[in-house]
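This report concerns only the one structure given below.
In order of appearance the chains are A, B, C, D, E and F, and numbering begins at 1 in each one.
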Amino acid sequence: MLCMLLKNTENNMNKKIINPEDATNIVKNSIVKRRSKDSRLKLFGRVAIGLAVCFLLFLFYSIFTKGYPGFFQYYVTLDINFDRERIDPKGDLSDNSLFDGDASAIVNESLFFIIEPKGRKEKKLAKKIVSSGKDVRIAKMVKDDPGLFGTVTKVKFALDDDIDSFLRGYIKRETPESERRISDKVIGFIDKLNEEGRISYEFSDYILSGSASGNPEMAGIKGAFIGSILTLSVCLLIAFPLGVATAVYLEEIAKKNRITEIIEVNINNLAAVPSVVFGIMGLAIFISIFGMPRSIPLVGGMVLALMTLPTIIISSRAAIRAVPPSVRDAAYGIGASKLQVIFHHVIPLAMPGMLTGTIIGMAQALGETAPLLMIGMVAFIVDIPNSVVDPGTVLPVQIFMWADFAERMFIQKTSAAIIVLLGFLIAMNALAVYLRKKLERRW
Amino acid sequence: MFSFYLLTVILIISLLFFLLGYNRAKNLINSNKKNLHSLTHYYGIFCSLSALLPTLGVFFIFTICDDFIFAELIKEYIPDEVINSKDYNFTIVLAQINNSVEGLVFGTPPQWVTNAAEIWKSWVIKSNILTVIVCAITILTSGFLSYKKINSEFRSRNAVEKIVMTILAVSSVIAILTTIAIIFSVVFESIRFFALIPYDEFLFGTVWNPQFEGAERAGSGQEGLSQYGAIPLFAGTFLISIIALCVSVPIGLFSAIYLSEYASSKERAFFKPLLEVLAGIPTVVYGFFAALTVAPFLRSSGSMLGLDIASESALAAGLVMGIMIIPFISSLSDDVINAVPQSLRDAGYGLGSTKNETVMKIVLPAALPGVVASIILAVSRAVGETMIVVMAAGLAANLTANPLEAVTTVTSQIVTILVGDQEFESAKTLSAFALALTLIIITLGMNFYALHVVKKYREQYE
Amino acid sequence: MDNKHILSSFDDDLKKLNDNLLKLGNGALNNFDNCIINFGTQDLDEIEKVINGDIVLDELDDKVQKIGFEIIALRAPQAADLRRIIVALKIATIFERIGDYSRNISNRTKVLIDLKYSDLPGVNIGKMGQKTLTMIEDVIESYVNEDDKLAVKVRNSDVKIDKMHTQYYLEIVASMQRNKKLAPTGAHLLFIAKNIERVADYVTDIAEQVYFLVNGKVLSDLRPKADESSLIIPE
Amino acid sequence: MDNKHILSSFDDDLKKLNDNLLKLGNGALNNFDNCIINFGTQDLDEIEKVINGDIVLDELDDKVQKIGFEIIALRAPQAADLRRIIVALKIATIFERIGDYSRNISNRTKVLIDLKYSDLPGVNIGKMGQKTLTMIEDVIESYVNEDDKLAVKVRNSDVKIDKMHTQYYLEIVASMQRNKKLAPTGAHLLFIAKNIERVADYVTDIAEQVYFLVNGKVLSDLRPKADESSLIIPE
Amino acid sequence: MNSKKNDLKSLELTVGDVFSKNARLKARNVNVFYGENKAIDNVTIDIGSREVISFIGPSGCGKSTFLRCFNRMNDTIDSCVIQGEITIDEENIYDKKIDVVPLRARIGMVFQKPNPFPKSIYDNVAYGPRIHGLSENKEHLDNIVEESLKRAGLWQEVSDRLSSPGTGLSGGQQQRLCIARAIAVSPEVILMDEPCSALDPIATAKIEELIHELGNEYSIVIVTHSMQQAARVSKRTAYFHLGKLIEVGKTKEIFTRPKHNQTEAYISGKIG
Amino acid sequence: MNSKKNDLKSLELTVGDVFSKNARLKARNVNVFYGENKAIDNVTIDIGSREVISFIGPSGCGKSTFLRCFNRMNDTIDSCVIQGEITIDEENIYDKKIDVVPLRARIGMVFQKPNPFPKSIYDNVAYGPRIHGLSENKEHLDNIVEESLKRAGLWQEVSDRLSSPGTGLSGGQQQRLCIARAIAVSPEVILMDEPCSALDPIATAKIEELIHELGNEYSIVIVTHSMQQAARVSKRTAYFHLGKLIEVGKTKEIFTRPKHNQTEAYISGKIG
């Protein structure tokens, strides 16, 4: 084949360019090989995408399968005699009074009535079956509805996490007693409760309303969630105006000189600084030098704000740059001043881009963990923060902490918290996409 | 609360000045029967801003400074014997007094603390009164002066614009301040660290075994047990990054090529956001995934193959990190590939190229610098990544190239050292800052290079 | 010009061109009409008017040439527009020439008056002039209405004028042969007759231009010719 | 055309136009030259050649008109280019007309031969023809070299021809007055002389076009005129 | 062409009549530099009142640069330095005391690519009057908008959809909208920088027709790459080359008998 | 104009001679749809060998769409459906068996905006021969590159900097480079879609000159918005309107005496 072509072209060497017919033949002969190469590349692309999507699905699958049960837990239903004398000795429903009361004992009595433990040792074991939050629960119930006093009402109590794990089948009956966390006695109690139909598997009322707790069955994410919101609010309030102002200044006002160049390089570099370094800076500057308290959302928000600032600035600048110069020319040509051009045209047109950038920055901040560890938001805080200066933690840090705990139930709770966090993130990203779609203009 | 009320009042007054200025301009127009230089509301804004801004400045100076001044002044009221005592710490004392001021009392504080607190409280009242007076004077004079400035010649729009521009310019300085803060916070502690540990030992030492001095002292006097050779950390970081790249570069690149060149618009609209979801997942989730799903899985499948895989292996962390950075590569590459003008593709197709040839010979070469930059950015992301390695890579400072073993990284060491209570004097604590410094230098270097490449590449099309 | 150009100023320009051309055409028509009438009435004042009036036609022609040239330069006209302009330029020249002939006839009429000219037998300049005048009128009408059929008709009617001319030529030469005194008169009459024939000839040129204007192509069949005066050997 | 257009095909078109125009010009020159020579030599064959050769000139004129029209339509020429084309169109028409005159002269020469014409006293058609021929040559040269000075000179030299024509007119009429037999001969001679005068006149028109071509404006001073033949009352 | 025409030496001086009897804008010895680079070299020209003048010349000869001097749009380019004097009604527009904002309202501008604001048609036109406070009330503003759109020959086409976005119009309509927007602030002069280069022939013809009409009320300076366009719309034409103003004159004359060799060469397609 | 000319009814049929004696490309009853929207309506035309034919018509009339049918560039648009038959040398290019790659090698294309690859000048031209394997060795490739650049009239200007990037050339040079690139694969037909619309008059004139020369060796189809350009470069002209081919004919005739009313109206600036 090639021989023939060679001959053909030799004839045309004087013409230098191959003549069209020969060219057509050459192309036709090589086309099969070229086509197969083509399909190979396409295949590689498909495989790559497939792999990435598989990873993603696997990740979601594993989180969801682990986390879904985390939203549920086992409860035991007990008949509680709401004796005002014992629960609320001072009779004023005050915290002090309820604290002094003896709600736990009432619960235990009700429990003992069913499972009939014998002896101190058994009673001690039996007491542990119901989660230690029982008295708090009763206190809360009477506070909400003082009419309960004097009645005997069925109340549900969370079971201890070991019992929970047993019921879920993580702790096997077959395992020798010495190797499992609960004794045969306790299993007997549970069987009894089960026979009575008093054990139920229900949506956990702790996961969303509880806060950090050493008892896995009582641990919830409300505190972390509020902490996250507070932190993010601080972050947004600082980062958005600063970011937009900086972007506007750099793109529209600043003359190109050394200083603006330095600022630009600076911002680009800040975007690349690992997040943990921002934590170090927060630790060294805000806490050590300015003497601000540790663990508060204010500091966390400030650190995250500085961290997301480059993201916002860069995306805002991109948005501003995407505003066609022709619009500026048009406004200048009519006699608008620089600021009018900026505020009437550039910012409104760039706003969708700026907002999307900001939301994405916020989403990033929401999931950020390392810098907050540095400034001590990792502390074990039971109270739900009320303001930005109350100590608190945030969702991802909560996840990090729980992930370290040994109790089986924490794995599920962690996964559940992750689901909530991801839901939150997806909502934010959806908002960003929606905004972009809604506000995006074609020009 | 006080500050909040004061701020509200200041804002209201400046609003009033807006109305004043606005009306004055209106009146001027009516009396002169001639248009002013600027639209009327600019006169209002001018008055309002010139009243508000200096007052806010004064306000913040007062509220920030008073605590410092009080802290200095209160020293007078601390008894000598307390100052002279062995474990005197001014910060703690100050905290005691502050707690007392705010009514948080744990047990019975010493008398002098209560006294100091009383004095402090009286200062606070005085300073509040002073603040109010000074703010009032400032807002009224500056507001009034600006009001007086308004006449038919005055160009309020230009004045307002100058003010706003200044505000904008000032905000852009924050970025610089942040950088300075970062450098400041890292460099000083690092210098102190290198005063304790020679830098060559840090840079070239092969054993990383930091101990708190306190622990050292308590721990049966094994002097010199602490070792700060950072090589294992770098090696670990490097190992994990390499694994991550091995996962993410091919997947990311091929995805990008597929999405931008082969996929139909529907496919693209579906898969691209899906890939970007990977980037949106918080790292702590990846860490959790790596530690609780991937690592056990690797371990069990490893043992089936007769391999001994550590429960916290570099492989698990690297794999998961690789997944995490897929979208950094795919998205960025997709962007740069898309930025290659359609006209170049048309040119290619017009000449009779297959898709493969168009991609490989025209599009990719044109986008190559951008692709490389995206990879470098991904690397710097990997190097700086913290949570995955903290949760999945372990803390064992092994110097090994075996991905099946546990390794530790720079970032995970920083976190472990700095989380919790620190002794700021200890070499261990300080070592975290030195590590951070090296981390910054490395990531910035890569970033710098990548951005440079990207910029050069952009200029080609602009 | 049934529909307008988007650029109204182009239409304005074309209109200006056309107006001037028609003015020129009507001027030429008038002058010719007058010079023929004057030939009969021998009114010296009127004759002078025709002679002096020719300068107006010259100016109009210059104007049309200038306008047409500028339109071509400034507006790059195409197709029918371009034909219109080129045709206008050519027709204008012809009208100007017709004007020239009117003046020449008038000049010669003046001389004939001096020579105490009275009609020669068999020669009716007035009739020949009238016929030619009708041709001019028709050709102008054909231009205005873009009526190529009329134009072709006009063109074909030139034969009659040619024949008439040949006949008059013979008659005049015959008169001169009969009476040598008539030589000066005859010479001028010959030229007057010839001039009218030339005018009719030019009218056919205009008619051909009108045909080109309408159809975009040249009227190709050979024009019937019947002026044989240059071939004539009078007996 | 000292420098080239970027579009060489434009230059090609212009060259084509110019070539045809020059061919036409030279053709007209030749024909005129021949018809004058033939008038002296009275060679019937040569005369026929001139008469039949005229159709070539007609065709060349059509060609020039067509090319010029197309160039204007397709290339939107500007400034000097446009002038060149418009001028070419006009000059071509004139050359064609000169050709016509040559034919007419030849026709009449044929008749004169039949009439056994021999020179009339005081009339030298050959001389007049030669002078006019020189004018044609000069005007072609002025066109080729874009020499407006030469063009003006040519234009001014028309006066001599006019004077000559007036003189010959008088002589011919005088001869006819003397001898009535000469009437047919005289009539043709009158027309031949007139035709030569017309040719010279046309040459001045060409000269004016050349001036316009070079300078972009019309030669405005009135042309000196000395043809008084139409004003003449021979004694 | 012929030896009488001015050659190299005369490059230094503009050929033709740069002055105008009732001049509105006067440029005197204007030089413009971009950094080191001289873009406009000693240009002097008058722009009369109610005249349409076009600037033509090869790419990069400085037409746009010079045009943008008239309303100080060059101020937005940092490296651009302007020497010489440009006056509008005898007032130096580069005077320190002059505020560019009202100046630009007096000297409107229309750009190469139609650039309506991404707002409604109404708001596009109303923007100028609003920022300059030209209207007393809504009704007055409505009037201004309507009148401007009418003058721009767009009213008929858009009167029933004033609140739909200006970017939704066709290219030619957009450009007319931009002209309406410029007219709305009652300028005295309108500068147009290749206003038709993004349009097809039909839209172009419409804009040209509009320019022709507006020429009765405003002074219009139009930069164009199309010599034919210059020929069609303007009464005067200025030819630039390498930053110099080579020749100015009546359009008719420039296009039939330019005086300068270079103008001739450019106009008849010989430069290159 | 006059009543003889064909009116509305004749819109259905193309006026003039659509057939060509030595036709290379033949389109027969071609319809093109973008989704529901019919962009080309029953067009039949021949494109002769070694002829330059131009497509003119108002914006959106489907010139580009039709042009891109010839090398199946429309394949890249999903919604585009083509009916009818287009053959090159009697071979139906929309045949299932036909691979577009060799087809596009035979039918080169030059685009509106010059789009050189961001590679060296040499590599730009060598790209086509390389991917198609047209050259046996380096020397041969050098020859092809040189010859193509020479034919594109660019050799002189770039022969001393073949390795500098093609994007560094001026717009007009870039467009000539694109033409050289198209020539290098020895096409039989070259399609050009408004190849000069991004260029200034001088660069445009150079490209037109080039097209004129290339017309002796290739069949060239050129879409243009500029009627003058069509008049200058092509021997035949086709006028499109609303997706229909209204008239085809010799350029000389189209521009001096078009047969169809609409052609006349468009050419003389009367549509609108």
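Methods note: a contact is a pair of C-beta atoms (placed from the backbone, for glycine too) under 8 Å apart; a residue touches a chain by one contact, two chains touch by 3 or more.
Because the structure is predicted, anything quoted here is derived from the model rather than measured.
Novice: What chains do subunit B and subunit D have as common neighbours?
Specialist: Looking at subunit D and subunit B together, the chains touching each of them are E, F.
Novice: Moving only between chains that touch, what is the shortest number of steps from subunit B to subunit C?
Specialist: Contact-graph shortest path, subunit B to subunit C, evaluates to 2.
Novice: Please compute the C-alpha centroid of subunit C, do the same for subunit E, then give the distance between them in whole Å.
Specialist: Inter-chain centre distance comes to 49 Å.
Novice: Using the average of all C-alpha atoms in each chain as its centre, how far is it in Å between subunit C and subunit D?
Specialist: Here the centre of subunit D sits 21 Å away from the centre of subunit C.
Novice: How big is the gap, in whole Å, between where the Cα atoms of subunit B centre and where those of subunit F centre?
Specialist: Distance between chain centres: 56 Å.
Novice: Just the number, please: Cα centre separation of subunit A and subunit C in whole Å.
Specialist: Taking the average C-alpha coordinate of subunit A and of subunit C, the gap between them is 100 Å.
Novice: Using the touch rule from the top of the page, what residues of subunit E touch 2 or more other chains?
Specialist: 101, 131, 202, 205-206, 227-228, 255-256, 269, 271-272
Novice: Subunit B: which residues touch two or more other chains?
Specialist: Touching at least two other chains: 157-158, 352, 354, 357.
Novice: Give the residues of subunit A that touch two or more other chains, as numbers and ranges in rising order.
Specialist: Touching at least two other chains: 27, 34-35, 337.
Novice: Show me, using the given definition of touch, all chain pairs that touch one another.
Specialist: Pairwise, the chains that meet the contact rule are A-B, A-E, A-F, B-E, B-F, C-D, C-E, C-F, D-E, D-F, E-F.
Novice: Given the complex with subunit A, which residues does subunit B contribute to the contact?
Specialist: 91, 157-158, 160-161, 164-165, 167-169, 171-176, 178-179, 181-182, 184-186, 189, 250-255, 257-259, 261-263, 271, 273-275, 277-278, 280-289, 291-293, 323, 326, 330, 352, 354-357, 359-360, 377, 380, 383-387, 390-391, 411, 414-415, 418-420, 424, 432-433, 436, 439-440, 443-444, 446-448, 451
Novice: Spell out the residues on subunit B that touch subunit E in their complex, using ranges where they run on.
Specialist: Subunit B reaches subunit E through residues 35, 37, 39-40, 155, 157-158.
Novice: Note which residues of subunit E are touching subunit B in the complex, please.
Specialist: Those residues of subunit E that touch subunit B are 99, 101, 131, 133.
Novice: Any idea which subunit C residues touch subunit E in the complex?
Specialist: By the definition above, subunit C touches subunit E via 5-10, 69-70, 73-76.
Novice: Taking the complex as given, what residues does subunit F use to touch subunit A?
Specialist: These residues of subunit F touch subunit A: 99, 101-102, 105-106, 131-134, 136, 140, 143-144, 146-148, 183-188.
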